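Everything on this sheet refers to the single structure shown next.
Chain naming follows the written order as A, B, C and D, and within any one chain the residues start at number 1.
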Amino acid sequence: MTSALLYAFAGVALCGIGLFGFLRLQHLLRKLMAFNLIGSGVFLIMVGLAQRNGQPDPVPQALVLTGIVVAIAATALAVVLIRRYYHLSGQTTLAEPARENVRPKARAVNREGAPE
Amino acid sequence: MFASNLLLLLAIILPLASLLLALRPDWQQAYRYCLPVLPLPALLAGLTLGPDASLELPGLLLGGLWGLNELRQVFLVLTATLWLAAGVFAVGYLKVHYLRRFCVFWTLTLAGNLGLVIAQDVASFYSFFALMTFAGYGLVVHEGSKEANRAGRVYLAMAVAGEMAILTGLLMAVQQADSGLLADLPAAVAQADRRWLIMFLLLAGFGVKAGLPLLHFWLPLAHPVAPTPASAVLSGAMIKAGLLGWLVTLPFGEVSLPGWGNVLVILGAVGSLGGAVLGVRHRRPKAVLAYSSISQMGLMTLMVGAALANAEYAGPLFAVIGLYVLHHGLAKGSLFLSTAMALPAGRSGQWLLWVLVALPGLSLSGLPYTSGAASKLAMKELLKPENFEFALAPYLPALMSAGAVATMLLVWRFLWVQRTAVGTGNNPVFMWLGWGLATISSLVLFWFLPWPREASVPGWPGSMVHSAWSLVWPILLATIISAVAWRSVKQR
Amino acid sequence: MTLWLMAGLLFTPLAWAVLTLLLDFSKGRVVTWLGILVQVLVSLGLWAAVASDGEFLYLLGGWQAPMGIELRVDGLAVTFVLLTALVAAACGWHASIYLDPDKPWNRYFWPLFWFLWAGLNAVWLGGDLFNVYVGLELISLAAVGLVALGGQADALRAAIRYLMAALLGSLAYLLGVALIYGQFGTLSLAGVTDLVSNGGAQSNLTFPLILMLLGLALKTALFPMHGWLPPAHGIAKSPVSALLSALVVKASFYIAARLWLDLGGDLGGYALAQLIGVLGSLAVIWGSWLAFRQAKLKQVVAYSSVAQIGYLFLLFPLTWGVTDAISQQAQQGITLQVVSHALAKAAMFLAAGNLIMSVGSNRVDALAGVSRFLPFSLFSFGLAGVSLMGLPPTGGFAAKWLLLQASLASGQWWWLGVLLAGGLLSAAYVFRVYRASFIEATDTDQFYHPSRSLEVIPMILALLSLGLGLVAEPVLSVMSLPFEGAGS
Amino acid sequence: MNLSVLMPVFALMTSLLASVVLFALPEKGHRLRTIINLAAAILKIALVGVMIWGVAQGCKYEAAFTMLPGVEFVLRADALSMLFAGLSALLWLLTTIYAVGYLEDSPNRSRFFGFFSLCVASTMGIALAGNLFTFFLFYEMLTLSTYPLVVHRGTTKALRAGRNYIIYTLTGGAVLLFAIAWLHGLVGDLRFQEGGYFSDIAPSMRGPLAIIFVLMMVGLGVKAALVPFHGWLPQAMVAPAPVSALLHAVAVVKAGAFGIIRVVFEIYGLEAAKDMGLLAGLSVVAAFTIIYGSTRALYQVDLKRRLAFSTVSQVSYIVLGLCLLGPVGVAGGLVHLVHQGIMKITLFFCAGNYAETLGVHRIDELDGAGKRMPGTSVAFTLGAFGMIGAPPLAGFITKWTMGSGALAVGMDWVVAVLVISSLLNAAYFLPILHRLWFAEQCEPWPHERRWGRLETSAWLLWPPLITAALMLVAGLIANLPFSPLSWAELIVAREVAL
């Protein structure tokens, strides 16, 4: 029983570190890494806690697998977005640029009214 | 019966129908010529219908009832005759300037005046009274001068205040009587617990119209500025509406109120003497005549006070008041119309005109063989001190003779001022007709018009001679005083 | 019969998603119209089925609870499925005309659209906690994709911020699920409810519930954590913002409401309920105030969403520790609020999109003269606004009335103030837009007139939201069918 | 039997459908729009006429369906609703005719007439509402449909007036909703029932019911322009003349007064309201509003603002009439609902004519207008005298009935209030009449328009003349069976009898 608790506590620690990193770090990639850390922590807790009186319990294993798949998909999407964002605005953090970016539009009518 | 209903209805509908003539500008000349025709049905009704004629109009306002009685018949005849004479006079007198507007307000005031005489239910009486008051404003400010507007404002302010007092008084009276008919009001007012308030409101409300002292301010302002036919009607018939208002609403014959009687007598006296004192100082003939009306109304208020004070004398006093109203209306009407008459060229024509102008004046102050004498005798015969017990009873004869002197003084003052103001020239024929009609009806027709029966005038030739001296001495006294005053003014 | 309906409901959207991936935008559009038709028919069929013979428990593929996916199809779920069908159909139809077909990235619009729809259906019908998590993730990723599609730097920034918030929220939720599974050994919501109600160890279970509620509140943008919503919904394309505001935000709220209604009674405390209620009220006040001050039209509508979401969280205090009748009334009120807000907000976003397209600028004060030359779009924006304000005869008013009655009956009279003040504040920012549009600026009509069908869609949605007020009775009767098929 | 169910629904539907059709019309379809407008108005008058005849015979018209669990949407035609419905149907026809002439060549007409008929539909709904919930539903719809009319011109002044209007009415609506919800919570869904419910309530309920009453009076008082909440009315005068005519003479202001009548008569009941001491406070507020409205009207230079303040004071006559408790006084208050509507709409029509034909907005520009526009000035004079209460016009009937009612109940100070207000009315109306008829026209009209032979376009001239004639007839035939006064007495007889 103690080994299960050990895994759980490790998971909790991982979540703590990840959460701290997520909130503190400004650089987007670092934030993403922190997010993955929290994810692994949660999966560790899930595996650690899910002992059904001694025998290994198949359900949490399946859940963790699905969780990992979802986490990977989310991370891939995040990386693509960050790369595109860096390409467009040269920014690597979410900070608003200094000037208000709504220029009074002169030319053709744009669907969104946002500068083309 | 059907004829009387139709005639009564026609008396009001004809003037109102004539308003249609005002729709198009090019009908205004036709409108002008039909002015005298309008009061004819009312005159016919007054003369032919008996005192018990009545017309039931359930749908009108809160249940309408029109009709005549002894008193109303006299008022109707007076009003119709005077409006007829003034109408004829107006046809000659009116200029084209704002003619249509004058005709509209003339017909509205006529309709109001006739209506309030024959109305016997509170709602239509008050409606016609208001119609006459508000339309009268149109006549007063017709000239459009600054002075006319000022007079109009004062007239309207006091009239509206009076209206409101009458409305409240009538409301409380009707509430007490909980019936819409005027006939039931006096009885209800008699036993009302807030009788003093109702009587105060009604007296004040109608008093504004009747020219009681302290409520008379609009009168001397309005009469000079109004066009002559309008001021003739204003002073002859419309003032009497206030008096009629008193007679139909206050509790005469129900209960004798010496206190109220005394107050009214005092007011009457102050009115008659004060009117004369103020009137004498005025330069304009119409202003003098206005004050003469105030003083005459003072005398009538005297009689109303007496009627209030002693219940069983109310009936005969009503008759005398009716007689006096008839006499004063016609005389004052002709005097007013004469102010606008120009003197003819010939010397003899001038003398004739002056005599004809002076006669109604003298009749006012009670010259024997004139209508004035008849009414003064009737009044003296009734207002004996021993009939009444209120405070001023013993001084009644003195007051009456003082009133007569005051009237004569005012007449002289009027003649004197008229001499300076009048010009020579020829008058349009209609003005002659109108003025002539007024003077004749005042002097001659008076004896043939339907008097109230109870006016206890003994065979008129005998009584005239017997009491000639009591009628003549006030005239002589006044003539002496005015001669002295005239000479003193000459020296300066 | 139900087999076909369930299949149609869950699998067709996924199939359509893959199909449209292979086609470009214009051909995808045709396929999508067909798909929308099927979906709407299926949803109506399911709604009719549940309305006639009550709801049922559907085991996907016949597998039993612990292993298989268990779908709970009750009145509430079916109402939301039908709502999704209506709003998604409208937004899909509007997007097919509104979006510019020859933009290269728009060919990915339809797949994301269908994935989003599939995720939504999964969440409404989900019976067990973990599959709901999967549905939630699917929705979030699709939504982030839609926000970022074809946008510029600020759209991408909003998308990233939205993604971060969404992921953090679902992780918190997943942690909660993990802890509950650790305690009870089962994932089906019905199972957990039975174990909790007959005497499971309550004391240490409030923490997972709070954790899950926190995660879901972050995904529903409740007051302190609403930072990500206005940029995301404000900058996305109009049909996308309509979908996001109307449906996506409601998905996480739906799960939180389900949790609270089943577990909240035993696990949650009075303080927690009141706290959530207070946060909701602050959302209403703060959201309306900010909406009133926004310069851009779509930002006004986005912050209005933040405000209206605040109302939803009044469900928590009104259903905790009150009699069943009052809780039933509160649930009905909140459902009406969700449905009428979804319809009205979708109509408002679509109408706002039309207005911006025709005026050429997204600022509110550029709307001068719109009421003269574009009365139809403005009128649909107006009708939607009336429903948001909660004025009769709209659905918003019916919801407000039920909530008023529930809070009066439960003695919590302070929510009355929030409801009434909220109505007035929303009137403030809606009439501000009217005011701007009624100004007679120019006599010449230099506005671009969008095609007729673009303007008809928001009008239909607005009229539906208006009509909801009149036909609230049948909708509510189906919604509140008691769920008797308790899970194993 | 279903006809009696459908009649109120048809009456409501005519103007709702008309508004939908009018909205859809293209801006250029003037002729079609006028035809639709007039047809809808005439159809509505016919329907309301049939219902009035039916209600007089005593048959019941009612349509109800449950809108929300525990609350139902009820449309019911009873004597009281027919008084208000008849008034608004009749005046809607006249105002439509007037509006067609008034907005001859201005923009946004389909929008205007759409909201115009929507506004009348909500007024009809308010009249026909069977319970407080339906009443509130149409009460708020009225606010929404009148906002676009008030800001129709689109100028900054109009928009500021619209903003104030919305702030006042929506806050009032929120307070009213609070009161209705609370009452609903206390006693459940209440249909309007002649004689009211609370004649014998438990003392414990007395407290909350009193608070609810005050809240309702505040909510309804905003639209009835009672003093502290009347601020929006004078400012809303920037709206076009037909709007201020219909809104401030008939629809909005009367909706508030009608609501107060419904609450006092058919929810609380006269006796209950009296012995809970609620009416005393209300009568004081009403009396103060009457005097305050008239005094403020004295100082207004703009003609329509003076009429607006006169409306503020006149509507409180209705409220004061309610507090007179005696059957006669209450009938006076009720009948004033109709009389004030007719008189005030005449005055607004004439004010609109002066503005439209001569470009005159201020009172001191009116010199000599009587000569230039005799028809309109005669109508204005009749209206003014009606407001002053000069007989034989409709205003006099009201003041007479209310006066005698007040005396019957012993509330003498009410007569004093009536007299003072009549004096004030005279003070601010008679100078205008003097300028109309007796003043010379010194400078030329600001911007005059000619219509050939007639003084102004026929569309603009006939409505005021018709309403002036109506007012004269309403005064003269006050005793006939179908006159407003006898209908009011019928209502009171049914209310007090129960």
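Simple rule for what comes next: a contact is a pair of C-beta atoms (placed from the backbone, for glycine too) under 8 Å apart; a residue touches a chain by one contact, two chains touch by 3 or more.
None of these values were measured; they are calculated from a predicted model.
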Just to be sure I understand the contacts, which chains border both subunit D and subunit A? C
Return the chain whose centre of C-alpha atoms lies at maximal distance from the corresponding centre of subunit A. B
Which chain has the mean of its C-alpha atoms lying nearest to the mean of all protein C-alpha atoms shown? D
Would you mind pulling out the distance in Å between where the CA atoms of subunit B average out and where those of subunit C do? 87
Centroid distance [mean C-alpha coordinates] between subunit D and subunit B, Å: 45
Could you tell me the distance, in whole angstrom, between the mean C-alpha positions of subunit A and subunit C? 24
Listed in rising order, subunit B residues that touch 2 or more other chains are none
If I count partner chains per residue in subunit A, which residues reach a count of at least 2? none
Send over the residues of subunit C in touch with two or more other chains. none
Could you run through all the chain pairs that touch each other? A-C, B-D, C-D
For the subunit D and subunit B complex, residues of the former touching the latter: 385, 389-392, 396-397, 399-400, 403-404, 407-408, 415, 419, 422-423, 426, 430, 434, 437-438, 440, 475-480
Contact set on subunit D toward subunit C in their complex: 23, 66-71, 73, 107-108, 110-111, 133, 136-138, 140-141, 143-144, 147-148, 151, 153-156, 159, 162-163, 166, 170-171, 173-174, 177-178, 181-182, 184-185
Within the complex, subunit D is touched by subunit C residues 329, 332, 371-372, 375, 379, 386, 391-393, 397-398, 400-402, 404-405, 408-409, 416, 420-421, 423-424, 427, 431, 434-435, 438-440, 443, 469-470, 472-473, 476
Which stretch or stretches of subunit B touch subunit D in the complex? 58-63, 101, 123-124, 126-127, 130-131, 134, 138, 141, 144, 149, 152, 156, 160-161, 163-164, 167-168, 171-172, 174-175
Subunit C - residues contacting subunit A, complex: 66-67, 98-100, 130, 134, 137, 140-141, 144-145, 148, 151-157, 159-161, 163-164, 167-168, 171, 174-175, 178-179, 181-182, 185, 187, 235, 237-238, 296, 353, 356-357, 359-362, 448
